[in-house]
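Next come two complexes, and both contain subunit A; in the first it sits with subunit B, in the second with subunit C.
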Partner chain A sequence: MPTVLKEVDVVFVGFGWGSSILAKELVNTSLKMVGLERGFPRFTSPDFQSPNIHDELRFAVRKAMMQDNVREAITLRHSMSETALPVRRWGAFLPGTNLGGSGVHWNGQHFRFQEKDFVLKTATEERYGHKFLDALGLTVQDWGVTYQELEPYYDKFEYLCGTSGKAGNIKGQIQPGGNPFEAPRSREYPTPPLKEQYNGALFRKAAIELGYHPYPQPSSNLSVAYTNPDGLKLKPCVYCGFCERFACPHYAKASPQTVTLPIVLRSPNFELRTQCQVVQVNRDSTGKKATGVTYYDAAGREVFQPASIVVLSMFPFNNVRMLLLSKIGKPYDPQTGTGVVGRNYSYQTTSNVWSFFDEDVNLNPFMGSGAVGTMIDDFSGDNFDHGPYGFIGGAYILAAWTGGRPVEQNPLPPGTPSWGKGWKDAVRKHYGHVGQILCHGTSMSTRENYLDLDPTYRDAWGLPLLRMTFDFPENDVRMIRFCTDRALEIGKAMPGSREVSSKIYGQRPFDVAIYQSTHNAGGAIMGTDPNTSAVNKYQQSWDVPNLFVLGASSFPQNGTYNYTNTLMALNLHTADAIRNRYLKNPGPLV
Partner chain B sequence: MQRLIKATITGAVAVNVSVIVVAQTLWGPEAYHGNVGRGAKIAAWGTSKGVASCSSCHGYDGVGNGDSRVPRLAGQSSAYLVQQLDDYASGKRNNVFMANFAQRLSAQERADVAGYYASLKSSFPPPQNELAPSLLERGRQLANLGDDKLTVQSCNNCHGPQGAGEHPDIPALKGQYSNYIVQRLQQLASTHNDADLMFPVASALAAQDMQAVAAYYEQLAYSGVH
Partner chain C sequence: MSAISRRELLAKVGVAGLAAAVIPKTSAEDAPTLCIPTGDQSVVLAQETTHSEHENLKSDRPEGSEPSESNYVFFNREEAQFIEAAVARLIPTDQHAGAIEAGVPNYLDKQLGGAWGAGERLYTSGPWEPTRPGLGYQLPLKPGELFHTAIKAINTELNKSGRAFWEMSPDQQDEYLHKLEAGGVDLNGVPSEAFFEQLLGMTIEGFFSDPVYGGNKDMVGWKMIGFPGAYATYYELIDKHGIKFEREPVSLGQSHGLFMPNPNIPAMSPHE
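For the complex of A and B:
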């Protein structure tokens, strides 16, 4: 029998970016809140300080900040005819764990999605016609929420983070130096852009020569000291080059530890419990009301925490898995295309281009930062006419070195031996003289790509693992080939470039062993129709209205960009709806 | 043969550049485009243009004088020392005494004298006073771990293990006089420059925290306390 605790008003499952910002928004209500985190507590000081934090083997290679996939993995297969196998070593994507979740090891790449992303189906049909979209065999949907509705929340999150950037479009007025393709924003970024890397300066020259529109990547690793509207202080980035896969020692990266947790953890209405592994959302006999959650605490005891509101805000995989384990919402069936939980899993479609320079061109990649790029949006989303190409979507093209770590950030020309003297000689010759360009693009949903529970493999608590059935849709393969060709043209045009090479990750079969993107999306998607979505525009379960499922699991398909800003805007939108409407009148918000 | 090392100028001493500047330079104990022999002469005797000898305050051995808050120069990187002289000359670093000297040194002379002091090994006197263990412990904490309540990161993140300095740009703190470190922190806290890396750190430190961290670094080289 589980230990039954006293009821609280809100219980959060997973305590990373998503739940901590919702808790922060509710901190001035009288709600009693409990945050359940499966991992450990951790803070900038003492946990993220150097030299310990600058340990590439521990954090980047062995992935110390990621979900323990000995206890809890996912399984993968490329098609329904295959048998899925567990992914026991993270490669393509890196779901975080511990307090703050993936918000600790993110790169701070802080984009908004485009207006058309939220109405993708409608906008595509309007521009190219039904037939064009139907021929692509995709299951893209509108989100049920618009960019205009989310703009105030994008703005709010950017000002909480102190994001460094240059606006390209303020209320419809194009701004010099910014991204002319961006959706209109209500005001300038809170802080100016980071310094431009030499790699980026050469890319900028080439991009201008080719007629494109370079701009500085928006970054939540800050260019200057900043005090946010909550009075929290962030510090300037020192370009140490250890953002991705690491935590920031300098209070320079916006993260739960710098932006949300200091407010939440000092509230007497909030209690954090770590090392709590939630295994189920419990419901009453009607099945339409969540009564709380069941978890195992650090001592292995089974605990039931009753709550009036249950918030799932784990990595998208785990949100979907918790719904399936709790039998909430109809599981998606790819044969019939019906059901909602597990539907429309999407990813991110990426490639790399490298430009090799002579030894007298020093690009100094070690002076890096997580979002220090120079980039173009000329081929993002629907910024160009897709009519001739037979695909939808696009990719941004970005020149950046997030760091110059010796083990992993060390690209060499094609044909270089992978070990021994030949490899060593090549490292000596090329280190610091390689330009890096990334294509980072949309991922469309299809009928065949989905998530469900694995019939064979189980976690350390005896529960089925989540099974991913995924391969890149033909649409996305075409898209990334097209965009990579554009990136290669820019790479060749960078002054002093001698040789270029490329690696397209967005090709079949999907390679789960090589890092691509941690922007896994969908599976509990939002929409306007309960038959094709699991949650409404407020990320509220259609079936269980006191259950909210936050995060990128809500995305019907993935946009061009790194998605943190968008999921946080959705969460702030949800927070407003809960605070202003739900608390007064609990029940369906739509 | 001296090895050519491609080093960079960034961080605290070059926050105003819009593109990260690349310098190919000699650094560390060797000269920074400077001539150690000529630098030694300037240090000992000053210049014919009326610049007083550096040694009259900083010592020919570069050990300085803690009692009068004259910093130890011996063993700092030549790149760092040149940058300070340049900043004194331009007024970016405000000090009337040093501005007067720096402005009358040519760029080459600044490099020479920086190279000389960078080439020296320091000796470390014992601390002036018996230091309270609680003060040292607070200093050790700030230096190694920072303080989450103040949102202050560890000094060693940038200044290197035990504050040994991160060549070429970031000065050594180990063994530096606490009087000088406190004075410098007070100056940095008063710049109100959000783009300066040290402003938000220094301005978050209360007077007793400045004392603690300064005292910790001063005694570190002498006593070997880690």
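For the complex of A and C:
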């Protein structure tokens, strides 16, 4: 029998970016809140400090900050006719764990989605008719929320983080130096852009020569010291080159540890419990009301925590899996296209281009930061006419070195031997003299790409693993080939470039062993119709109105950009609805 | 190398000394521009071991109480002989240090003898099926088990043919490694390409990871390419485009106290 605890007002499952921002927004209410985190507590000081944090082997190669797949993995198959096998080691994507979640090891790449992203189905049909969506078998949907509704929340999150950048469009006025393709923003970024890398400066020259519109990548690793509206202080980034897969020792990266936790953990109404593995959302006999959650504590003891509001805010996989394990919402059936939980799983479609320079061109990739890029949006989303092409969507093209880690950030020209003297000579010749360009593109949902529970493989608690059925849709394969060709043209035009090469990750079969992106999305998507979405525009379960499911699991398909800013805007939008409406009148918000 | 002959040394010191045999003798003698004091690290190790053995012989220690012949904790003698010979081909010694000088065998030994070898961060529940393109590693073997299994198969096969891997010429060794890499060789159930991938991957790790893990000795890998290691700030340098960064690299083991050299960016909690 589980230990039954005293009821609280809100219980959060997973305590990363999503939960902590919602808890922060509720901290001035009288609500009693409990945050359950499966991992360990950790803080900038002493846990993230130098020199230990500057350890490529431990954090980047061995992935010390990621979900322990000894205990919890997922399984993967490329089509419904195959047997899924476990993802025994993380590769393509890296779900984080421990307090702060993936918000600790993110790169701080801080973008907004574009207006059309939220109404993708409608906008695509308006511009191109039905030919694309039908011919390509895409199941893209409108989100049920618009960019205009989210703009204040994007703005709010950017000012909480102190995001560094240059506006390209303020209230419809195009701004020199910014991204002319961006959706209108209400004001300038809170802090100016980061310093530009040499790699980025060469890319900028090439992009301008080719008629494109380069701008500095928006970054939540800050360019200058900043005090946010909550009075929290962030420091300038020092370009140490250990950002992605690492935690920031310098208080320069916006993260739960720097932006939300300092406020939440100070509240007498909030209690954090770490090393708590939640296994189920419990419901009453009607099935329409969540009564709390069941978890195992660090010592393996079963505990029931009653709560009036349950918030799931884990990595998208785990949100979806918790719904399926708790039998909440009708599971998606790809044969009939009916059901909602697991529907419209999407990813990110990416490639790399490398431009090789002479040995006297020192690009110094180790002087880096997570979001220090110079980039163009000329081929993002619907920024160009897709009429002549057989696909929708697009990719941003970005030049950046997040670091120069020698084990993993060490590209070599095509044809280089993989070992021996030839390899060694090539490493010595090319390290530090390679320009890096990334294509980071949309991922469209299809009927066949979805999530459910695996029939065979189980986690350390004996529960079924999540099963991913996914391969890159033909639409996305065409898209990334097109955008990679554009990136190769820019790479060749970088002054001094001797040779270019490319690696397209967005090709079939999807290779789960090679890192691509940790922007897994969908599976508990938002929308306007309970028959085609699991949550409404406030990320509130259609079936269980006192259950909220936060994060990128809400995305009906994925946009061009790194998604943290968008899911946090959704979460702040949800927080407002809970605080201003739900608490006064609990029940469906739509 | 004192009065002791190379043959005697090998016989006495076993594994540690055998590395000397796999390094082309010319590597130390013909390399005036070596970036480490002596090109032949393992010979130094062998000399030290020999020296201590001489002292031991002089002592009154009862028979059987001599110190270990090597500092390997995971590899047995034949495994170490294969590993030392193989990594010396994967990252050979030239005018720059190779895998042997970098201590890659020691790195592999400590990794495989520790948590990583025992399956850290590896989902190890069955059932097991052969992998398919895109699905990554699917063998039931943890890294330590994989190395034991594969190397035993290699050594057994080559012993039957009369010539151990470490007795082959460098060209023959390369040919054999290419065969493993190409795949299709069954190593006691381990597809050779799966073993080779981990052997090569971990060799590169041992060459380029921080020296605290037992490889990249004296940061020879970093010095070869110009990676500065664990410096914490390039705030003043990142926009000086094209400069050549020539400071000595810094290891995690060295950089205490250096981590916040810019006093204007204090390493303190903003919330304190």
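FYI, the second predicted complex is superposed on the first by the 589 of 590 C-alpha atoms of A that agree within 3 Å, B and C clash if a C-alpha of one lies under 4 Å from a C-alpha of the other, contacts with A are read in each partner's own complex, and residues count from 1 in each chain.
Please note the rule applied: contacts are C-beta pairs under 8 Å (C-beta built on N, C-alpha and C of every residue); 3 or more make two chains touch, one makes a residue touch a chain.
Remember, it's a predicted structure, so these values are computed and weren't measured experimentally.
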Subunit B versus subunit C as contact partner of A:Pro236, first or second or both or neither: both
Touched partner set for A:Lys327, first subunit B, second subunit C, both or neither: neither
Subunit B versus subunit C as contact partner of A:His130, first or second or both or neither: neither
First, second, both or neither for A:Thr456, with subunit B first and subunit C second: second
Partner chain in contact with A:Gln197 - subunit B first, subunit C second, else both or neither: both
Partner chain in contact with A:Lys421 - subunit B first, subunit C second, else both or neither: second
Contacts of A:Arg187 with subunit B and subunit C, given as first, second, both or neither: neither
Which superposed partner A:Tyr226 touches (first subunit B, second subunit C, both, neither): first
Set intersection of subunit A contacts, subunit C complex versus subunit B complex: 44-45, 49-51, 195-198, 201, 232-236, 238-240, 249-251, 258, 362, 364, 367, 432
Subunit B-facing residues of subunit A, complex: 43-46, 49-51, 195-198, 201, 223-226, 232-236, 238-240, 249-251, 258, 362, 364, 367, 432
Subunit C-facing residues of subunit A, complex: 44-45, 49-52, 54-57, 61-63, 66, 68-70, 73, 76, 78, 82-83, 85-91, 195-198, 201, 232-241, 249-251, 258, 262, 361-362, 364, 366-368, 372, 404-407, 410, 418-421, 423-424, 427-428, 431-432, 456-458, 509-513
Subunit A-facing residues of subunit C, complex: 89-92, 94, 96, 98, 116, 119-125, 127, 129, 131-138, 174, 177, 181, 200, 203-205, 208-210, 213, 221-222, 224-235, 237-239, 241-245, 250, 252, 255-256, 258-260, 262, 265, 267-271
Contact set on subunit B toward subunit A in their complex: 6, 8, 10-11, 15, 17-20, 22, 24, 144-148, 151-154, 156-158, 161, 194-197, 199-201, 204
